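Below is a structure I'd like to ask you about.
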Amino acid sequence: MLYREAGDFKTTYAADSQTFPIRSDRWRYFAVLAIAWGVIPFVIDDYWANAILVPFLIYSIAAIGLNILTGYCGQVSLGTGGFMAVGAYSVYKLMTMFPEVSIVVHVILAGGITALVGTAFGLPSLRIKGFYLAVATLAAQFFLVWLFNKVGWFYNYSASGQISAPERFVAGVAVTGANTAPWAQYLICLAFVTVCAIVARNLTRGSVGRKWMAIRDMDIAAEIIGVNPLTAKLSAFAVSSFFIGISGALFFAVYLGAVEVGEAFGIQKSFLVLFMCIIGGLGSIFGSFAGAAFLVLLPVALKVLGVDLLGWPSSTVAHLQLVAVGALIMFFLIKEPHGLAQLWRVTKEKLRLWPFPY
Amino acid sequence: ELVIPDLSYRTGPYGANGTPFSDGYQDYFALLNARDGGIGGETIRINECETAYNTEKGVECYEATKGDAPLVYQPLSTGITYQLIPKVAADQIPMHTLGYGRTSAAAGETFPWVFNYPATYWDAASVAVNYLLSENGDDLSGKTIALIYHNSAYGKEPIRTLEELSEKHGFTLTQLPVDPPGQEQKSQWLQIRRDRPDYVIMWGWGVQNQVAIQEAANVGYPMDQFIGNWWAGAEPDVMAAGMAADGYKSLNMNRIQNYPVLDEIRAQVIDAGNGAGDGSNVGTVLYIRGMYTAMLAAEAIAKAQELAGSPQITAAQMRDGMEALEITNARMAELGMEGIGPEFTVSCENHSGSGEGLVQQWNAAEQVWVPLTDFIAPDKSVIDPLIAEDAAAYAAENGITPGCL
Amino acid sequence: MLDEAQTETLLEVSNIEVIYNHVILVLKGVSLKVPKGGITALLGGNGAGKTTTLKAISNLLHSERGAVTKGSIIYRGERVQELSPEALVRRGVIQVMEGRHCFEHLTIEENLMTGAYTRSAGKAAVAADLEMVYTYFPRLRERRKSQAGYTSGGEQQMCAIGRALMSKPETILLDEPSMGLAPQLVEEIFGIVKDLNEREGVSFLLAEQNTNVALRFAHHGYILESGRVVMEGPAAELRENPDVKEFYLGVSDAGRKSFRDVRSYRRRKRWLA
Amino acid sequence: MSADFLYMIEVVINGLMAGVLYALVALGFVLIYKASGIFNYAQGVMALFGALTLVGIMEGQVPFAHIINATFGTDLHQFGWTVPALLAILLTVGVMILLAWMVHTFVFRHLVGQEPIILFMATIGLAYFLEGIGDLMWGSDIKTLDVGIPQGGSLWVENLSSGLGGEDFYGFFIDKLDITASVVAILLVAGLIAFAQYTKQGRAMRAVADDHQAALSVGISLNFIWVLVWSLAGMVALVAGIMWGAKSGVQFSLSLIALKALPVLMLGGFTSIPGAIVGGLIIGVGEKLFEYTIGPMIGGATENWFAYVLALLFLVFRPQGLFGERIIERV
Amino acid sequence: MKDQVEPHVTADGRRIGGVLMDLRGITLRFGGVEAIKNISFDIREGEIRAIIGPNGAGKSSMLNVISGFYHPQDGEVWFRGAKRPAMKPFQVARLGIARTFQNIALFDGMSVLDNIMTGRLTHMKTGLLSQMVWAGPAAREEAENRAVVERIIDFLEIQAIRKTPVGRLPYGLKKRVELARALAAEPKLLLLDEPMAGMNVEEKEDMSRFILDVNDEFGTTIALIEHDMGVVMDLSDRVVVMDYGRKIGDGTPAEIRANQEVIDAYLGVAHD
């Protein structure tokens, strides 16, 4: 028995509905938190921060956001890129309009603005379902990108339409701008990730989360047993967009520092975040992290393997990388359609039975 | 050993353009290694990293390569350039963005680590207008010029300058944005067909160029009134349209012809099996531009070695070399590429060189680009104030006190 | 009555184990035989594994991430485990799935026609069979132009059965045909089963909850509990078994109990599964 | 008639033509969706792959030349022959059928019965894969595709109509390529409708889309139907690839035409073959007219989003698209 | 005119009150199909009311009308003495009408416990913000409702499968979970659409016991559709018979059993 659940009794309902009802899970969770907060900031360097950890953390927030909408509420959205752009441009406008206010406030406000925009674009979901809705959300994607590209006010009329993040400080430490230390970048993202993950977990285990899941699994039945589809769907859009907005804001301000909307928040971004959710596992917070890690690391790993270790020409590696990413996505889906999170769950079930096969 | 990263893109929507450029860039250094044993006795190592024209991958590449004591970055993407501008300043590594990137980086006092010689986007816009002026007896008043552009940061760059110029010379400017990638341009070209502007200037990249040239031919727009900038004037852009593209013009910062150095590359690099590509690109517009960029880097390295007094140099010394760079006709001839680009010098105040470009024309029957003019100077009186204004804004936003290093 | 000793065995399932998702063991060694020309009933409570057994036979498990890990399934002397469901249909084995599974967007008639997909017989023969199905189920004729998704539960059940008949099968695996049907129709359907069995020699393997009816029409029965066969025998014998009587037929020595009385008595402890 | 009005008509006509080109891509989507409920994102890449293969075969390119040369140190590029267009098209059709078979056998056969979004995701994986393979096989440079389709404005139409509107009007502009595409599209649509409605396989295909399990249970071979449908979709993709490739050269961006087909699909309905054509026409006209009339006022480049917004407006009134199957909602 | 039976106490001691729901002249058409033709009947407080009829008679459609999912072209629905205006299904649910479905409509992606908790949604009021922090009201409310649900779980004897995803459950248990979900809403009126389809006698007995207990202990009014005549006759106080959208009988089980039209249309032979 490598993994045990038995002998772990709950005496109250509150204890049973806590985040990690199983003790060993809880310990693992604390260990991860301890390493993330207590160890990594001291060892992190520029490469790990900029190429791996910061994008991983930011994409995790976006993936959690989309997972709420798609994984929990069943509304497939391809507008993530556009909503991230809303977050990015909001935070940019706020940063330049109110330079004296803390960036943390700006990021949260950017999330709020995105939530409003997301809710507005969520309205058609009351009529439109499934892939029709997915395609319809592309309207948001393309429209928002067009808007930020077109209206000079959003990018403060800069010549090229790019926005770049001015330097901002939290507790006297630069977190945006060129002079940000990698650990500062990492920590501010980590802080947001931690809070977002906890909030997401809280929402999904309570009645709000159940409403979403009911809508996802069978919207008609959900409505008949008393779920108001309007509020359920729109709240999912709002919460999801809130997270996505935060991730967009961090993506721009902390990670890239300068963005051009069509390039950074194009349709590819929408797809990427959706992949993360699906590969990681729809309807799972852990899956959002797993998916983000997988898709941030995979290309880097393949490149390191191909170019640095095997010494192949980078163009061949780039093409092979596409082939490999594509093949791996298909392979994973065939192995476990419900994502890495489910793979983990099945592994746990197996461990529980171990050493017996079933 | 000197390390030069090459953030190239051989995949993705712009892979067809990125490949020849990167081949030229790398092959030239390979030639130096093979022929001269490197520069000043130090061999050059290329550190290639694929960006797929994607900013995030560009950042990843930058972070992955910057630990290797690189001398100069050259990302061939306006988007990536914007990411790297603050980063290279913080890391103190120079970046060269030849004819792309942020125009106001010409203001070396604000952007000490970024160089965009020999010319900028705004120079290009001005060169195009100056060319048209010369075609029209120095008078464009009452004429209409349509700008068809890539609807992105890159495509929007010339608008400011062209607007200024339209005011100054009295022509009407109409703007026709095309969303990337740009496969569908029917409405834009129907509009052009109806309005019949006197000239069409194109700021395109990738498939947009091919489609535009094809559509121009379809609607019967006269090719010799259609001028692309220097990123819209390479072989792939015109090949798809076949004979219909005959007469299409574009700017270039290079004169396209068969230079002796190309033969050397063929003999010593390609045939020796050290080519970055299969050699089929040698001599094409983007290949030559890549090679030219490499040459400018090599010259700057040589300059830096001279200034530092040692063959092994640091990135900071490289920057000094770039800032002291001087390209003369004699030197280009010496290098086996006589007249490949304009003569120019770089200084702390001016990182963008002379800003000159020429106009070339596509001969579809022979499948060659034919240089039509000599290097044309831009109208610095219009551009310089714009650069000063933009650089000042950047300096203010980012708390930079301009000054020479 | 079918003479069991005389007939050949058409389908033989020996000692199969089925696992879902690589971890959930559902059948723990089920063996059964379907004689040619017989009606064999597979009885058992919810979750006993009836459906799973049928799906194992018709090879539909694969698409539910289930797999037969042990034992063998032999049809007419041939191991059929590795065949595709389609190959099995071509060999004359067809399953009517539990829970209807009509093609929602197709009309009733189109649904029926898909049943004839594997047949190479001419149009006329198919049309004749369609007519036969309509005669069995007049209600379907009325609704033939409606999309199956909009028909009532019972109509869908008829449609599913009719669709299977359209393939002119030799063996039909019927999964809970009586579910959701009005009593009259249940009788009718079993009448049809009997009819097909006697006149056309179609063999049936029948998973049923409605033990009463099933044992009335079947020749032989198996009782499944928690993935094991706990009892088997000729239907007539099973009907007389006191345990079967109590647990599956709902009659005790004192005759049929009223459902109203359930609250007032404690059940006898049943045999161990 | 005033020239302005005539130009407007010209925009409408060209919109219709553009719509046909979108519809060509959309058709492939519809086929696969109809038969399997799979939303095939890879359709655009299939068009690219088809066109690349066609060019490669016509020009006698050695497939995987880069890899072969890199590993064996050879210097292969061309076989040294060229293949006539018609034969090359036939060979490419063969390749597309092979591709269909592989896609099914190695991927979708293992995903029978999964939720639509999982299948969708798998097609995205497929898109990446094919894109990489296409590049490795034929190189990523831009290729020109010339199978002899006429191009350029039709002078005949132009001359015929130039008298209509005074001297400000130069006559209607219609691209010959678009005319060809329309004819091809009409033939394709007619053929496919006949297939889906009147053949046994067509019915089976719709059955499969509704319920994989039930289809299996009545003996419909998913393998056969899916390979058939993917082959058909592959051929439609090839046609789309030829048309678009002739327009813009064969290169990566060709795969992005999928994005132009999505609003068309949405408007016409995912399951309707005629819907693809009608949807295409509406989208084509709508976006061109909008760009032409309103576009200049709000800065242009509106086509991308306007197509989606237009489709969205239609959906609000008919959530399953104009011709899509009604979404059955019952309890 | 309807028979005005006064509230009374049945033989086994259950109180039947006044009219809880009154359906007046309901007509429902789908395109050309007339699924329900001018049907009227009432449901009294505390009674078990059965709806029977051949397949396709319109029984499920009737429940759908009651729960607000179908909107009849004609007719009125009166609930607790007032005419019910046109309502969305979720609003109907909030009036205290819960139901189960003929083709099980559980939320496959959730565990049994979560499924049943969804039944409590009409009783849970804390907002988004409070749930985000999961302290105070949200956690308290969760625990309270969880307690209610656990009582129902115990009552229906499904403790063991509490945490199992419902997708994996066998049919019969799913039905039971569905019942649990409906009960969790603590409804005034409980609509059951073929609760015993696909069950064997033993399981039907269990189900009957639950239905009787609910009716008795919580005083819940129950309307049920069922094809097992044994169950219908034993459990129900009154029976409505539908055929082809028409009402062909309404009365006590004994009356129905004797009704010739019902025998012809539905029962076939007189059933024991």
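Labels for the chains are A, B, C, D and E, by order of writing; each one numbers its residues from 1.
One rule holds for everything that comes next: a residue touches a chain if its C-beta (ideal position, glycine included) is under 8 Å from a C-beta of that chain, and two chains touch if they have at least 3 such contacts.
Chain labels with UniProt names: A = Amino acid/amide ABC transporter membrane protein 2, HAAT family; C = Amino acid/amide ABC transporter ATP-binding protein 2, HAAT family; D = Amino acid/amide ABC transporter membrane protein 1, HAAT family; E = Amino acid/amide ABC transporter ATP-binding protein 1, HAAT family.
Since the model is a prediction, treat every value here as computed from it, not as a measurement.
Undergrad: Trace the shortest sequence of touching chains from chain B to chain E and report its length in steps.
TA: The fewest touching-chain steps linking chain B to chain E number 2.
Undergrad: Which other chains touch chain A while also touching chain C?
TA: D, E
Undergrad: Counting in whole Å, what is the centre-to-centre distance of chain B and chain C, each centre being its mean C-alpha position?
TA: Distance between chain centres, rounded to whole Å: 74 Å.
Undergrad: Compute the distance, rounded to whole Å, between the mean C-alpha positions of chain C and chain D.
TA: So the centroids are 45 Å from each other.
Undergrad: Report, in whole Å, the distance between the mean C-alpha point of chain C and the mean C-alpha point of chain E.
TA: One centre to the other, that is 29 Å.
Undergrad: Using mean C-alpha positions as chain centres, tell me how far chain A is from chain D in Å, no decimals.
TA: 32
Undergrad: When you check chain D against every other chain, which residues touch at least two of them?
TA: 66, 135, 140, 299, 301, 304, 330-331
Undergrad: Which positions in chain E are in touch with at least two other chains?
TA: 69, 101-103, 105
Undergrad: Counting only residues that touch at least 2 other chains, which ones in chain A make the list?
TA: 146, 149, 220-221, 224, 313, 315, 319, 322, in rising order.
Undergrad: Let me know each pair of chains that touch one another.
TA: Every pair of chains in contact is listed here: A-B, A-C, A-D, A-E, B-D, C-D, C-E, D-E.
Undergrad: Note which residues of chain E are touching chain C in the complex, please.
TA: Of all residues in chain E, those touching chain C are 12, 30, 33, 53-57, 60, 102-103, 168-173, 194, 197-206, 208-209, 212-213, 227-231, 234-235, 266-268, 271-272.
Undergrad: Would you mind writing out the residues of chain D in touch with chain E in their complex?
TA: Result: residues 331 of chain D touch chain E.
Undergrad: Give every residue of chain C touching chain D within the complex, in rising order.
TA: Touch residues, chain C against chain D: 58, 60, 62-64, 84-86, 88-90, 94-97, 101-106, 110-111, 113-115, 117-118, 147, 149-150, 160, 163-164, 167.
Undergrad: Sort out for me which residues of chain D touch chain B in the complex.
TA: 7, 10-11, 14-15, 18, 66, 69, 73, 77, 135, 140-142, 144, 146, 151-153, 170, 173, 175, 244, 247-249, 251-254, 256-257, 260, 287-288, 291-292, 295-296, 299-301, 303-304
Undergrad: Would you pull the chain A residues touching chain E in the complex into a rising list?
TA: Listed in rising order, the residues are 12-14, 16-17, 199, 202-203, 205-208, 210-211, 213-214, 216-218, 220-229, 235, 239, 283.
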